[in-house]
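Before anything else, here is the set of structures, which you'll find just below.
Next come two complexes, and both contain subunit A; in the first it sits with subunit B, in the second with subunit C.
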Partner chain A sequence: MHVARLIAITWWFQLKQSTKAGIFVFTAIIEPLIFATLAYYLFKAGKQPGTLLYAALSAGLMGIWSATLFGAGGAINYQRWQGVLEPLIAAPPPYLLVLFPQTLAASTIGVYSLTSTLLWGRAVFGIPLHFVHPVAFLLAVAVTIVALGVLGLVLGSSFILYREANALSNMLEFPVWIVTGAIVPLSLLPGWVHYLSWGLAPTWGYRAIRAGALGGNPWPGIGWALALAAVYLLIGEAILRVFERRAREKATLSLV
Partner chain B sequence: MTSLRIFFVGGLTSYRALFNWLTPWILIPSFLIAPLFQILLFAYIGRTTHLESDRFYVIGNALQYAAVPCLFAMGNTIGGERFQHTLPLVLTTPAGRLPLFIGRSVPVIANGFVVSGFALVTGSALLGVHVPISAVAPLVLVAAVTAFSCTGLGLCNAALGLRVRETAVTSNILFGFLLVFCGVNVPLSSLPAWMSTIAEGLPLTHGIAAARQLAGGAGLGKVAGLVGAELLIGCIYVVGGYALLRLMEIESRRRGTLEIA
Partner chain C sequence: MAAIEAEKLRRTYRQTSGFVRRRTKTIEAVRGIDFEVNEGELFGLLGPNGAGKTTTIKMLVTLLIPTSGAARVLGHDVVHSARTVRRNIGYVFGGDRGAYERLSGLDNLRYFSELYGVPPKVQKRRIPELLELVGLMGREKERVEGYSRGMKQRLHIARGLLHDPPVVVLDEPTIGLDPVGARELRNTIAELAQAGKTVLLTTHYMYEADALCDRIAVIAEGEIVAEGTPTALKSVVADRTVVEIEAYGLPAGALERVRASPGVTSVSVEEREHVQLLLVQAPKGLELTQQLLGCLGDVRVGRVAAREPTLEDAYVSLVTGS
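Moving on to the complex of A and B:
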């Protein structure tokens, strides 16, 4: 009960805090709208109007990743800058239970991206929003958010030793869009990239979301995303334990 | 003589001191690797939509990526100074504002040029895009002119930094605006008329168009008009940005908001 309360309160607090920051509003809403507009004109100019919902959806999925990447990747550094990293690690609950809701809040911000790009597509470009499996679509979105939150935990934990996490976040935004098939079909990418794609939960989450919206079977994607999230949780927990101990030993926790 | 010293030494010192980009941990991911993935992303989208060739996306995105240093660095000339509490000190000195602000833009132009050049060369190599040898020198000129005009817009962004606290947000918005409007990934003919009309007045548009023609085999003489237009637009933005900076400085002094935006 205490654990559930801790997770819920930290998640809600982080969510409220993030929505107040201009850079998160940009990442979650404005940037996805820029990419939704670009995707719309690219697909329209390419004479593929049947794929316009695909374009709007893709821009939203890209936004979910960006929100996770910048929120989760920088989570530990933000705590450093605010001077609360040491007290949080010294507090009785395991640090994992503090960091995970924060990274989950970061991926939850991505819901803004998806909602804004779909509404933008409807209002500005007149794209009809007809979802083939609306319930499965919503479930797929929820599972993808959770899976990305756990992936964010792995990222956030890894970045504990890398002080320039924001630069790494900048670098990782586009590659993951490509590798997970957020907007480009995986079949167009070289064969070796597919192995990377299969190990990334967003690939399966995006696949499930698309199947829920455009047609197809969303359940394998949902299942794989959940399974990979469980694996990420174990990896994140292990990495966090090792890196936290190393940072304590070297007394580098609060060094920016 | 003092003005020259402020222009060159002050500009270089500001670049080194404020941008915090001179560590390879930031410089390499942000300036060398990120643009390559932007090129790859749009080249693959282009292949999906069957809209344009890889060359179209390599050139468009390589030149457009100069906007990252040009916008962010110029924004940081104000935002960084404020963060380090040196902005009021700089603005209370009797130093001429022209060498002070314009001097800070010279290293930024060089930075933008290098980023574009690297992205152009490596992007072309990655995607197997062939550019004629005869086009290399004119492309260098076009990349330099484009970086200059983009820095002009960066000066306007720096001026906004005197009123807006988060210059990273304004820089990102301007970067996205250029990405959509300037024909970087969508041909201007495929954009609505009002968008392509706006694009005519933005940095990058003419430079990218010129670079595409050069890579397609056209001579420098054929694209001289486009290069001239890009240069003219750059000059207009530099003058406009400088005027805006002075105006915002006076306003900030009047309101007492130099340190708080």
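Moving on to the complex of A and C:
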């Protein structure tokens, strides 16, 4: 009970404090609109009007990943800069119970990206928001948020040990967009990339979101995204435990 | 049973430099120290900057793993029973960082209450009590980024006490505070000890240690050079007298001449705005004033006085090994 309460409160606390940062407006709302606008014109140039909702969804999914990636690592670095990381580590709960809801909050912020992108597409470009399986679409979004949050946990744990892990974030933004099929359909990519994609939970989440919106069977995607998220959680817990101990050995928790 | 025990506690840091030819340098921050703090005691760890105080504290609160040796809090090992130690200890550090700045003081206290498993009903009672104790009542809904340095430090104290820990560790809590704020904080620390908590305090302010602590350990260059009650530590220099000389611009070599002067056991200099205050320790009964003034040459001299040694003089003597 205490664990569930702590996760829920940390998630809410992180959302509250992230949304008080001015940069949040840019990264979570404005940036996806830029993606959406570019995607709209690219797809329009391809003369396939039926794919406009696909384009809007793709831009939103790119925004969710950006929000998760920079939010997860940024949360730890922000805490280090504010001197909060040490009190958090010195508190009794395992750090997993603090970091996981924080990365979950980062991916939740990505929902703003998806929503603003879809509304922008509807208002500015007249893209019809007709969802084939609305309930499955919403469920797929929720599952994708969890899957991304757990992926953010695995990547974010490196920030505990390395103060300069931002380089890792910068490096991972674009490749994950490509490999998960957020930008272009996976069928256009070389065969070996598919193996990488199948191991990434967001690939399945995105597939389910698209199936929910555009038609198709969303349930396998939802199931695979959840299963992979559970595996990531176990991996993240193990990595975090090792990295936290190494950070206490190497004295990298504080700024200096 | 001692509330805090350190046995041959040692911590080194490795620093690497160079890109192609990596060079590793090992720094001995804490060199195998031993000390015990009894339950209900207010114990001071006193030392200059870089002496190893904060490193020692961070090992005790489980933020750093000792390189060797052991430490226990209420009998629990800080490495193997870290979570139990964390539940029993309140950690308060100095400085104005350490809180979620964009959120209010109240938000910070509520969140850390959750982290320490304080039930919601208890939170409703304890948070206002602590806000009252640290003098932040009425300002708790303001963002922390608008707090003064003193308010932030008082917020740290409140946070450290949320789970009503039996052991409280305060790392230079009054650093940078104005005199009134520092005095109020010292009163709060004294109240903690009166309430039966075990308090470990690090400071480099002598009067603070003298006024608050039951016992003090003086740490210098990672080693404990003396331990005892403030009165016992003062007795180290009880057979000495201290001559204070105000000098306006000490010439090169004057300090060395004073140091080499017969009978002088220790010399230190405090830089003040336009004046240097020379503190010279010498055996009691030895009249050195004229001899010392002779060493200073033509420098303009202000007030000259002899006085009884204080804890600060004992500290200077201990950390300089004179």
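Methods note: the second predicted complex is superposed on the first by the 254 of 256 C-alpha atoms of A that agree within 3 Å, B and C clash if a C-alpha of one lies under 4 Å from a C-alpha of the other, contacts with A are read in each partner's own complex, and residues count from 1 in each chain.
Throughout what follows, a residue touches a chain if its C-beta (ideal position, glycine included) is under 8 Å from a C-beta of that chain, and two chains touch if they have at least 3 such contacts.
What you are looking at is a predicted structure, and each value in this text was computed from that prediction instead of being measured.
With subunit A as the common reference, subunit B sits beside subunit C without any clash. When the two structures are aligned on the shared chain, A:Met171 is found in touch with subunit B, with no touch to subunit C. Judged by the touch definition given at the top, the superposed model places A:Tyr41 against subunit B, while subunit C stays out of reach. The superposed three-chain arrangement places the nearest Cα atoms of subunit B and subunit C 11 Å from each other. Subunit A has no residue lying at the interface with subunit B in one structure and with subunit C in the other.
The part of subunit A that touches subunit C in the complex is made up of residues 2, 5-6, 9-10, 13, 16-17, 20-21, 82-84, 86-94, 98, 245, 248-251, 253. Here subunit C touches subunit A in the complex through residues 13-14, 58, 61-65, 83, 86-87, 91, 93, 95, 97-103, 107, 111-112, 114-117, 159, going by the rule given at the top.
Residues 22-23, 25-26, 30-31, 34, 37-39, 41-48, 162-164, 167-168, 170-171, 173-175, 177-178, 183-185, 188-189 of subunit A are the ones that touch subunit B when the two sit in their complex. Interface of subunit B with subunit A (complex): residues 23, 25-26, 29-30, 33-34, 37-38, 40-41, 44-51, 165-166, 168-169, 172-173, 176-177, 179-180, 185-187, 190-191.
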